[in-house]
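Two complexes are shown next, each including chain A; its partner changes from chain B in the first to chain C in the second.
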Partner chain A sequence: MLSRATRAIGTRSPLPILQGVLIEVTGKTMRVTGTDLEVTIRTDLEVEVLEEGTTVIPARLASEAVRKLPPGAVVLQAADGEVEITGGGPQFRFRELPADDFPKIAEPDLTGAVEVDGNAFASALSQVAVAASNDDARPILTGVFFESEGGSLRMVATDSYRLAVRDLPSMEAELSGLVPVRALRELKRTVGASTLRVAIGAREATFASDRGTLTARLIEGTFPNYRQLIPESYPNRVTLDRDALLDAVDRASLVAEDHIPVRLMLQEGGVELSVIRQDVGGETEHVPADYAGQEMTIAFNSRYLNDGLSVVDGDEVVLDLMDPLKPGVLRGTGSDDFLYLLMPVRL
Partner chain B sequence: MRLIVARCSVDYAGRLSARLPSAVRLIMVKADGSVLVHADGGSYKPLNWMNAPNHVEEGEGRWTITNPKGETLVITLEEVLSDSSHDLGTDPGLDKDGVEADLQVLLADHPGEIEEGMTLLEREYATDIGPVDLLCRAADGQVVAVEIKRRGEIDGVEQLTRYLEFLNRDPLLAPVRGVLAAQAIKPQAKTLAADRGIGCVEVDYDALRGIESNVLRLF
Partner chain C sequence: MAGAATILHADLDAFYASVEILREPSLRGRPMAVGGGVVLSATYEARRHGVRSGMRLADARARCPGLVVVRGSFGDYVGYSRRVMAVFRRFTPLVEPISIDEAFLEVHGAARLFGPPPEIARKVREAVRTETGLPLSVGVATTKFLAKVASRVAKPDGLIAVAAGTELGFLHRLDVDLLWGVGPVTRERLAGAGIRTVGDLAAVPPAVLAGVLGHHGAAHLHALAWNRDPRPVVTGRRAGSVGAQSTFGRDVGDPAAHRAVLLRLAERVGSRLRAKGRAGRTVTVRVRFADFETVTRQTALPGPTSSTSALYRAGRDLTGAALAEVGRGRGLRLLGISVSHLTRLPDLQMELPLTGAGLADPVLRPGSPEALARSRLDVAVDRAREAFGRDAVSRAALLGTGRRDGPTRDHIPAPEDL
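Now for the complex of A and B:
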């Protein structure tokens, strides 16, 4: 539980106190809270309490110390400005951080929370999170946008090169907001469980399970109008085995660097996949496929293509295309719940 | 921000003595406490000023501003024509020069143009002393901090030196070396950079823009 709360802690916080986790022991429960002020993770554990109290201890050190103790019960004892962590023989002592300096964080707000299948939710999130940006210079793109869409909960992410849209069907919940992908990436490892309660308020999103709660401050701003990016029809369609294309892209990636695209020559009978790197060499191969449309060569960033193929549902995928300069849409055959829109690279 | 238009004279005593005889001037008192006396000309430069931190004693027709260095600015107000205060709020800061911001985007997309085999780790890598334009990994695996300027001058080298000193304290990143990337780099900056083991790369903005056109965006 220490390591779960520690996942909220940033590596470069200017406030030393935020390198610590707050431990509160009351009644029969120990609560551990970690925060970087944007993301807060709380975990609760029923413990044998000898004395109630509050302390802040260095998060990573304490977490690693507990992890390295022999299996069995662990005792935490705070006294005289130090916290002693013992278990099975070894005894760690860490200087306490001033508990009064730890930010006062409001209790998680689960007003209007909806209960979701935690595994389905995590799986849907993992499909869209790949398309979110990690570039803090454009914060709007570093989130996953949640909205209700025709009885489904829709999740959308884009980094301006690709766009992922996933609908979780049969969810009438009114959830709307832009949640930092950094927080969502921690969800599974921290509070992920088979049942999850989700609430998105005006300023924060809260995810709760019997393992604890994760609260993330929403990203302010208007998410791009993604609907207008999705073409309504496509004259060209290639259908192929997902793993075969994924393996081929993976092999091509050996040669391709990030800025060297993978070329797909689409023709009847299949796809000629190739990559050429002037100073190194290249790779070519044939991937069997059903192709309906005009012969064309289109190129994609190999990593972006690989990301999309890795998360699309099903054994067979469909790539719908307009022309070599317009975005292509990747989906699993027979599945309308997820689409991955990908901008090509000009050859 | 307090703006006072007044007929006044100003006496400065400190490193030297100076007097501004009586005339109508603009006195600016900024939220940080700095006091500036402007004439109706001379562009951005005040006739006299005192930076914060300082102490302003506002007497009847006479302001005395002192600072910890022992300097004194005395403003004698003869006639106040206007006195107004405005809350300017938090300043968003200066937008980077368009070319410089563009260069950052372009080089982030094509770090190989800085050095063969270089890959981008993070753009605007946050540190406690400010964001490093690009944090990259060189072909040999070493972490490289890249500072991007339109014109490479000594202050760019100084800025990068501060980042390097900070980044090299992080055992997960160290040893970090630096590269100053600019459209043109002044000889003095190159000399100082070489002395500090910092690389210099002059990049062709127009050529980079040509490369960028291959990378299509959704919006």
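Now for the complex of A and C:
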């Protein structure tokens, strides 16, 4: 649980106190809190309490220390400005950080929370999270946008090169807001559980389970109007075996690296996939497919294509296209609740 | 050998003035300045009377009554500059000219032929002196930054080699204004905080320094004070840069005039890049003020570009930032734009037509629909000019800003691109 709270801690935190986790022992529980002020993770554990108290200890050191102790009970004891961590023989001592300096963080607000299937939620999230941006220069794109859409909970992310939209059906709840993808990526490893309670307020999103709570400050600003980006119809449709295409893209990536596009020549009977890298070489292969449309060659960044194929549902995928300079849309056949739209590379 | 002092900064002393002395030897030993309205270069005899580059000639005459003034002859300077650079290249192929009268030389591979770096520096000075007659000062150090500082300290006609391991001892006793980027304003501010030497500066934690200079400036100066400068010497060709600059015959303070010049420069640099099928992601602006203080500002774009609009916007933003930071209302004497880190014009990852706040300027993002539309415009303009001549197409913003009241000299006598 130490390591769970430690996941909220930024590596570049400006304040030394934020390199620590707050440990509060009251009644029968020990609560561990880690924060970088944007994301806060709290975990609770029922413990045998010898004495109540509060302390802040260096997060990474302490969590590594506990991990390296032999299996069995661990005893935490604070005295004289130091915290002693013992268990099965070894004894670590760490200097305490001043507990008064630890930021006062409001209790998680679960007003209007909805209960969701934690596994379904996590898997839906992982489908859209790949499309979110990691570029802090455009903060609005570094989040996953939640909104209600026709009885579903919709999650959307885009880094301006691709766009992923996922609907989680049968969710009547009004959840809306732009949640930092960085926080969501920690969800599974921290408070992830089979049942999750989710609340999105005006300022923060809160995710709670029996393992603890994760609170993330919402990204301010208006998410771009993504609906207008999704074409209504496509004259060209190719249907292929997902794993066959994924393997082919994987082989091509060997030569392509990040900046060389993978070319798809679409024709009756299949896709001619190729990559050409000046001064190095290339790769070509044929992937059988059903193709209805005009012959054309379109190129995609191999990583973006790979990301999309990896998260789409089903064994068979559909790639809908208009022309080589317009976005392509990936979907699982017969599946309506996820789409992955990606922009081509202009050759 | 990593960490050894193998970088030379070679800087011709009072270059224009020195050339004039070669042309007219009777000027030797006299206070003399080259220039028209302002002093472009002055002999050390004139400098002793307080004559400085960028000073109005009238002011210079007032300070130095016997001052001889010579009008410059730029064609000659370019010729001398080429000959000096050619001497440098005999000692090492790794020569990075940074202006008409100075260059960095990386000599780590030259030791076998010519001896240790200080010895090479001595030979370079001697060769330049014998073959061209020009005095040259050289600094030798482990970093570009320190080599440049050393050559400044060595002037006139001197040589200072700072051995590896002794850098901080040398650097920390110097005055702060020997650091790149410390002009009169910064010096005043630092002095106000009790910082006079580089050693004082080095001792101040960056966070505290940020309170005096802002974060960017503080981090920059703090790194320099500890001789942290990772930039290698890159040759003109390898560096892959394309640039253009304009000098003005008078001070230009009007922002609209700056923008017109920047647009013209961006057009020129963009069309040259496009003609070569190249694109770059680092844009550098060079700004010279009326008093000849020269600063550069640099930014990295999200992707490589050869677009006139993108270069213009980046140039405009950088110039605006430089003026806001260190302008103090001074007019400009020179503006330059260059693009470096060139690559082949890449296959372009297109972007979705996203709209909304907080998405950065789309023109600066090469794959955005806006940038693509503008690059189609560039292509059309290039074609029209190729077919019908340079004046066939003109940007509306440039109409009426012809050469007469614009730059008086385009393409300064820099032997290499800016």
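Going forward, the second predicted complex is superposed on the first by the 347 of 347 C-alpha atoms of A that agree within 3 Å, B and C clash if a C-alpha of one lies under 4 Å from a C-alpha of the other, contacts with A are read in each partner's own complex, and residues count from 1 in each chain.
Going forward, a residue touches a chain if its C-beta (ideal position, glycine included) is under 8 Å from a C-beta of that chain, and two chains touch if they have at least 3 such contacts.
Treat the numbers as computed from the prediction; the structure is a model and nothing was measured.
A.B. asks: Just from the overlay, do chain B and chain C fit on chain A, or is there a clash?
C.D. replies: Pair status: clash.
A.B. asks: Of the two partner chains, chain B (first) and chain C (second), which one does A:S160 touch, if any: first, second, both, or neither?
C.D. replies: After superposing on A, A:S160 lies in contact with both chain B and chain C.
A.B. asks: Would you sort A:V345 into first (chain B), second (chain C), both or neither based on which partner it touches?
C.D. replies: both
A.B. asks: A:G334 in the overlay: touching chain B, chain C, both, or neither? Say first, second, both or neither.
C.D. replies: Touch partners of A:G334: none, neither chain B nor chain C.
A.B. asks: In the overlaid three-chain picture, which partner chain does A:D136 touch, first (chain B) or second (chain C), both, or neither?
C.D. replies: It touches chain B, and chain C stays clear.
A.B. asks: Please work out whether A:G221 is in contact with chain B alone, chain C alone, both, or neither, and reply first, second, both or neither.
C.D. replies: second
A.B. asks: Of the stretches 4-12, 76-84, 94-102 or 166-174, which one in chain B hits chain C?
C.D. replies: Of the stretches 4-12, 76-84, 94-102 or 166-174 of chain B, only 94-102 runs into chain C after superposition.
A.B. asks: Counting contacts the way the document defines them, which residues of chain A are shared by the two interfaces, the one with chain B and the one with chain C?
C.D. replies: Looking at chain A, the two contact sets intersect at 137, 158, 160-163, 224, 229, 259, 325, 327, 341, 343-347.
A.B. asks: Can you check the complex and tell me which residues of chain B touch chain A?
C.D. replies: The contact residues of chain B facing chain A are 108-110, 112, 119-120, 122-124, 126-128, 213-219.
A.B. asks: Which of the residues in chain A come into contact with chain B in the complex?
C.D. replies: Those in contact with chain B are residues 12, 14, 134-137, 158, 160-163, 224, 229, 257-259, 325, 327, 341, 343-347.
A.B. asks: Would you pull the chain C residues touching chain A in the complex into a rising list?
C.D. replies: Touching chain A: residues 302, 346-360, 365, 367-368, 372 of chain C.
A.B. asks: Give the list of chain A residues in touch with chain C in this complex.
C.D. replies: My answer: residues 137-141, 158, 160-163, 221-225, 229, 259-261, 299, 301, 325, 327, 341, 343-347.
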